[in-house]
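Some structures to go through are shown next.
The same subunit A turns up in both complexes below, where it pairs with subunit B and then with subunit C.
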Partner chain A sequence: MTDDTDASIPKEPAVSQDESGSAVATRDEQHAPAHFENPGLPPHVHRLGDTDPAAAKRSERQVAALFTISMVATVLFVIAYAMIGKDADVILPILGKVHALNVALGVTLALSLLGIGLGAIHWAKTLMPDEEVVEERHPMRSSDEARAGFVAVMSGGAEGSQINRRPLIKYTLGGALGIFAVPLGLQLIGGLGPIRGDVHDLKTTLWDTGVPVLNADGKPEMRDGKVVTRPRRLMRDPDGTAIRLSDVTLGSVFHVLPEGINDTPEPSNEKVKAAVILIAMQENLIKSARERDWGLNGVVAFSKICTHVGCSVGLYEQTTHHLLCPCHQSTFDVADDCKVIFGPAKRPLPQLQIEVDDDGYLYAPHGFEQPVGPSFWERG
Partner chain B sequence: MSSLVARRRHPAAIAVVLLLGLILTGGLYAAFAPKNADAASGDTQAVAAGHNLFLANCATCHGLEAAGGDGGPSLVGVGAAAVDFQVGTGRMPLANPAVQARQGKVQFSSEEISQLAAYVASLGVGPGIPPSSLTSGGGDIAKGGELFRVNCAMCHNFAGSGGALTRGKFAPSLMDVSGRHMYEAMLTGPQSMPVFNNSNLSPQDKKDIISFLQNVKTEPSPGGWSLGNLGPVPEGLFAWTFGIGVLILIAIWLGKKAA
Partner chain C sequence: MTAVGQERAHSTADALRADDKKDAPANKDGGPVGAVASWVDERTGSAKGISYLMKKVFPDHWSFMLGEIAMYSLIILLISGTFLTFWFVPSMGETTYTGSYVPLKGVQMSEAFASTVHISMDVKGGLLIRQIHHWSALIFVVSIALHMFRVFFTGAFRKPREINWIIGLLLAMLAMVEGFIGYSLPDDLLSGTGIRAMQGFILSIPVIGTYVSYLLFGGGFPGQDIIPRFFTIHVLLLPAALIGLFTAHIILVMVHKHTQYPGPGRTNKNVVGFPMMPVYAAKAGGFFFVVFGVTALIAGLVSINPIWMYGPYEPTMITAGSQPDWYMGFADGALRLLPGFLEFNLFHRTWSFNIMIGAILMIPILWTVMGVYPFIEKWVTGDNEEHHLLDRPRNRPTRTGLGMAAITFYGILFAACGNDIIAIKFDLSIDDITETFRVALIVAPIVVFWVVKRLCLSLQRADRDLLLHGRETGRLMRTGKGRFFEVHQELDAYQRWRLVDFVSPEPMGLPPATDEHGVRRKGARKERLRARVSHYFFKDRIEPVTPLELAAAHHDGHATEAIESHPDEAESGHIHGGAEEIGASHAYGHPAPHDKQD
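Now for the complex of A and B:
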């Protein structure tokens, strides 16, 4: 409140009687009090323990009991650590069957810490002084002498270092400190992925390359100085065995990896791009002619890498022919080119054309027609 | 008291009588108990009984000749394994077509199930009921775990706790499913589940998977309460509601003045 409003201090309280006789405070600005007295702190209420020695003694015992619980729990921790076997298990209500050692260590350590903490708080709350104290904050500003001293030290230091007289040092130091930020930012930007143009790895999978044809000696066959290759077969994950068309009966799902994936330098890197799901459905249910052509008698192979963010799409519903991605519920219709029918994915799963070779095994004559997995800038 | 009476009331007499009674009952049960539903399809009596059961309970949906009908698929060639799974887990007969037939109260005795299975098996060649040597565990747990993670875990969860599919369908928990029913489900692909025939997962592979799941069920939880092994959602929910709730209560106690 400013001084000029002090004149409007009401002479009577801003309370009027309405017809029913009850008191109603009006919202009349004219009659509002100009300022309120600071009521100050409420009177201090003493605790029971402040006046009653028996209560104080009780609090003392409670605090001691909490500290004792902590000690006992710590001793039990040591005993449990030494006595309970690594493989012992115990059946507890609610928790079920659990590792006895882990539970014993966890519970005793928790009790030993809680005992100390709760005891200290209980002590502070019931026995330590609790009178309200107002303590004035000391001035933040340093004294004039201290400030002058500080300026003298700083300028003396700058003078002594000769930084102003020797600009070579000044600029090289600035350059060194400035350029030091580059390694930090470089990791950040470098981790974003390959430099523009160098996205061959993202556009190709192991299916685009073949495996060497072995001659009678078990050595790769050479022709014109080049290794002769043949397309990769579809192999069962994780066994790595080849699949015959007749193995894939109606309603079956095979999880497939390309042949020879474990002979590559980094099989995991290949697996995240080349994983395929092989599904057998009734051929007349497939709506897309191209999908029928690229499959065999209703057996079709699709990339298992979600076009949203690259999770492994593996939840196949036999009755609805839907493939569901477990991460964000993108749903693909296997009967219709694996088009997206629900969820955040934007593009269908790429199909892998399959054929049967002379030995009766399924193979992929060429890789995916488009890059698998999530989008990237240079995808086009 | 004469010695005869004393002998008759020998304290062990009651135990001996009980034991004899138990042996007799057990022996009779073993002799007359319904065998596993692996009756040969040539057993004409079982087939006839199964046909009658089929007409009374299944034909409304599956058709009089089990060739499919209103809302029910053809059962020709599904084999005894499919019947033993669907009827043996109480999924069939279906009282009320819904998104998905759920496991429920088994409506038939095991003898009736075996008769139904014999009838359906007589309709066409299909997968039979697996021998107990393949369904009672004892396989390679590590291999089974690897196969489970590649082929099953995406729907049934990493620990076989089940999970959601699209539009109200779900993959059920495998924790309380018998080995035989798991084997039959892999073999026949009930409802949304795809088929895992013996050339995809060999009988030994299936045995390994079942052994792995049985081991998961008996394995103690290393981190304490598993919260149903459902993954991060219930764990996060527990931490946020229970954990933070306890912290708030402690904070309230901290700020409260002592009496």
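Now for the complex of A and C:
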């Protein structure tokens, strides 16, 4: 408070000494304290149970009742466990159809635990001492002697070890401790990989390779000691059947995987890159000439792996021809090279060129022109 | 209650309890319990330490139970998690489901997923344990967050508790990571999508992103290694770290002794409450059972993460409405709000800031900000004292405003994580929602800061008003001359103390920038910055009522009382209608006898 206000204080402070013994009260305003004083703990008010044995007895019975509920619930848990089958369902209000065993076990376990918990708390609140206890605090700081003692011990230790006088030991120890973890780290990092430094696997998909052409015996045909291959067909996911162009009617959507994906060593690792969505739309709606060229009469195939963080771009809205990724709502326009029209992704979904073979099946003459899926450092 | 009545109550209470004490300590040997205790003490000398611990005093307040809930949830997680390991198979090996859940019969899936369905469907009570584990993980992180709010808004992070604040932050982060890894283990479609997204996050790290991904996944995504590795991290590495840090956290609470709210009898040098034995042992022990019981009740009644409905992870499949568990929501929300143009190519390398900011940088940055906040505030206030009395949030308007702004920022990110759900439920355009959140993320925290700070100042004014004017009793009195006024009842010393026991720091003055020779002093710029920040923190301040002000209010009625402590802003409030007409001595401090408090 400033002097200014002090001067304006009236001559007759009218604070009366109230019955709780406030330290405010002073008749002499010149010596009115600058702050109120802590009045100390208020007088203790006893509970009913402290004075009335009947009330205390009642509390005792309540606590015992809660503990009894717990015991009963525990027994009921055992009974429910033994009596209710794993597959039984029960219809409950609000919750609807629920797993009967789970509900019975959960509720009885809860009652068993709550009985103990509430009983103990009720006991503490009604019967145990409720007079507050005051414990003194002491500063965290150690006494000066203790601190001096600590310094003496540490510097004595340094002295005794002669570490400061023998720099050779000091620096070699530092060096040894500095690098001792390297072998452990090397083993761990070296063993976790493999690291593929060329990130070839992130840049390619199964569409870049072909499947062996089989000869009449069902064996791979060889020419000049090499297996002859042909481009992979588009297969339905998950049944793995080839798709004819004639199957792809206007407005239909196919989830596609490359032919032979289950014959690879790690099909999941291939699926996560090679998944494709095949969409048939009106050719005149397609704005991009390249997109039209790479498709067939408005049937176009795009990578189904989001260019944001790699979720499947699974939601196709036919009327707006938008593809939406359910993870972070990146939206791609199928009519315009699958460019991003909203959301956190930056790059369009790569298009897969498709052609139709002599048997009427769709195939991809070559893989994607750019890496699919999320961005990575070496993508460039 | 009269003094005599109280005395009688006292003696009766003692008499009632005297019964209880008779059997135990009166028996010199202490019976079989005493014998065991004696045996242990002779070998450990622990009687002194344990009796010290058992006498330790803990103050009572509901907000102190938030951290307790976190502690108990951790124990529930350890118990239920141990159960789950007996049936869970942490393997990505392919298997065909042959269990009793019909819709999945014959479906190809990983052993991790199959064993999780087995726990849920074929192990009796397995579903309950799984749901207890998942629910208590959710409750664990909620209670940690609420506990952090309590600690922040009451200033419990101040000296000497800065270290414990940082340990708590680490615990919060580990809890989130532990939760994410835990719900990824079943290898179901939803969590598999989460791991897929996580791999996308890792790939966005400059220079080492692809390497980290290869190391973690043992080659390409998803590979065969991620589930077993996550399992080890989830059941061994992180729990060990969590328990270690948690132990340190609790030991420091013991060493510091618990903080307490200001109140009569409570000072910075004492702690007022109940001793561990028997009251706190019963209350806190009982509360563990209550937390466990409520968790079991929820787990019994409310389904969580029904992985059998999602099906096994299949890289080409996805479900609409893919949300992570709630605590990862804010990071996912950030990813939804960050615009795509933040990704660019430079030097033939890809910089994906649209992913990196939300998924890689945000959590470390937020945690760093939270970690340095106590030190910033200490620097601003220049305060080097120990603080054991908590602040009422209203008495620190700037801190409370900053905290609420941070929560708003977090809340908008969290809401943004549900932008698709909001769009569907409210039939709104997802683009509009996202754009709105983008703007709100910047604007709303500023608005909230301003509003909350003003609210705090208003509440402080209301406190002063209450203290200076007393409570409005609603009783009208008529004077002999026929004038009416409302009787105001003065607060008693205990009620008053709650409202005045705080310090309102003043903004730091600026020392002269040059010394007596007119030369720039060293560090003058730093001091200027400090003075500026201090001014920002404390320029709007309201001081606790002093006895002089109260006296003035009593003496002069409403003419000189200062609701604001700034003398220049002193109000001459005509708040109470006719009261001032008849003079303060009638209006204050003289409630009718039957109104007096007991």
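Basically, the second predicted complex is superposed on the first by the 283 of 380 C-alpha atoms of A that agree within 3 Å, B and C clash if a C-alpha of one lies under 4 Å from a C-alpha of the other, contacts with A are read in each partner's own complex, and residues count from 1 in each chain.
Here, contacts are C-beta pairs under 8 Å (C-beta built on N, C-alpha and C of every residue); 3 or more make two chains touch, one makes a residue touch a chain.
Because the structure is predicted, anything quoted here is derived from the model rather than measured.
After overlaying the two complexes on the shared chain, residue contacts for A:Val272 are found with subunit C alone; subunit B is out of touch.
By the document's definition of touching, both partners, subunit B and subunit C, reach A:Pro326. Legend: residue contacts after superposition of the two complexes on their common chain; A:Ile121 is shown touching both subunit B and subunit C. In the superposed model, A:Glu317 lies in contact with subunit B only, and not with subunit C. Of the two partner chains, subunit B is the only one touched by A:Arg236; subunit C is not. In the overlay built on the shared chain, the residue A:Pro43 is in contact with subunit C alone; subunit B does not reach it. Applying the stated contact rule after C-alpha superposition, one finds that A:Phe254 touches subunit B and leaves subunit C untouched. Between subunit B and subunit C, C contacts the larger number of subunit A residues. Once the two complexes are overlaid on the shared chain, A:Lys97 sits against subunit B while remaining clear of subunit C. Legend: residue contacts after superposition of the two complexes on their common chain; A:Phe342 is shown touching both subunit B and subunit C.
Once the two complexes are overlaid on chain A, the subunit A residues touched by subunit B in the first and by subunit C in the second are 45, 49, 95, 98-99, 102-103, 106, 121, 125, 130, 237-238, 255, 312, 314-315, 326, 329, 331, 342.
Of all residues in subunit A, only 45, 47-49, 59, 89-90, 94-100, 102-103, 106, 121, 125-126, 130, 236-238, 244, 246-255, 279, 312, 314-320, 322, 324, 326, 329, 331, 342 touch subunit B in the complex they form. Interface residues of subunit B facing subunit A in the complex, by the touch rule stated above, are 146-147, 150-151, 154-155, 163, 165-166, 169, 171, 189, 191-197, 199-200, 218-226, 253-254, 256-259. Residues 1-2, 4-6, 8-10, 12-16, 18-24, 26, 29, 32-36, 38-46, 49-51, 53, 56, 81, 86-87, 95, 98-99, 101-107, 109-114, 116-121, 123-125, 128-130, 132-137, 139-140, 189, 192-196, 199, 201-202, 237-238, 255, 257, 266, 268-269, 271-272, 275, 304, 308-312, 314-315, 326-331, 340, 342-347, 373-380 of subunit A touch subunit C in their complex.
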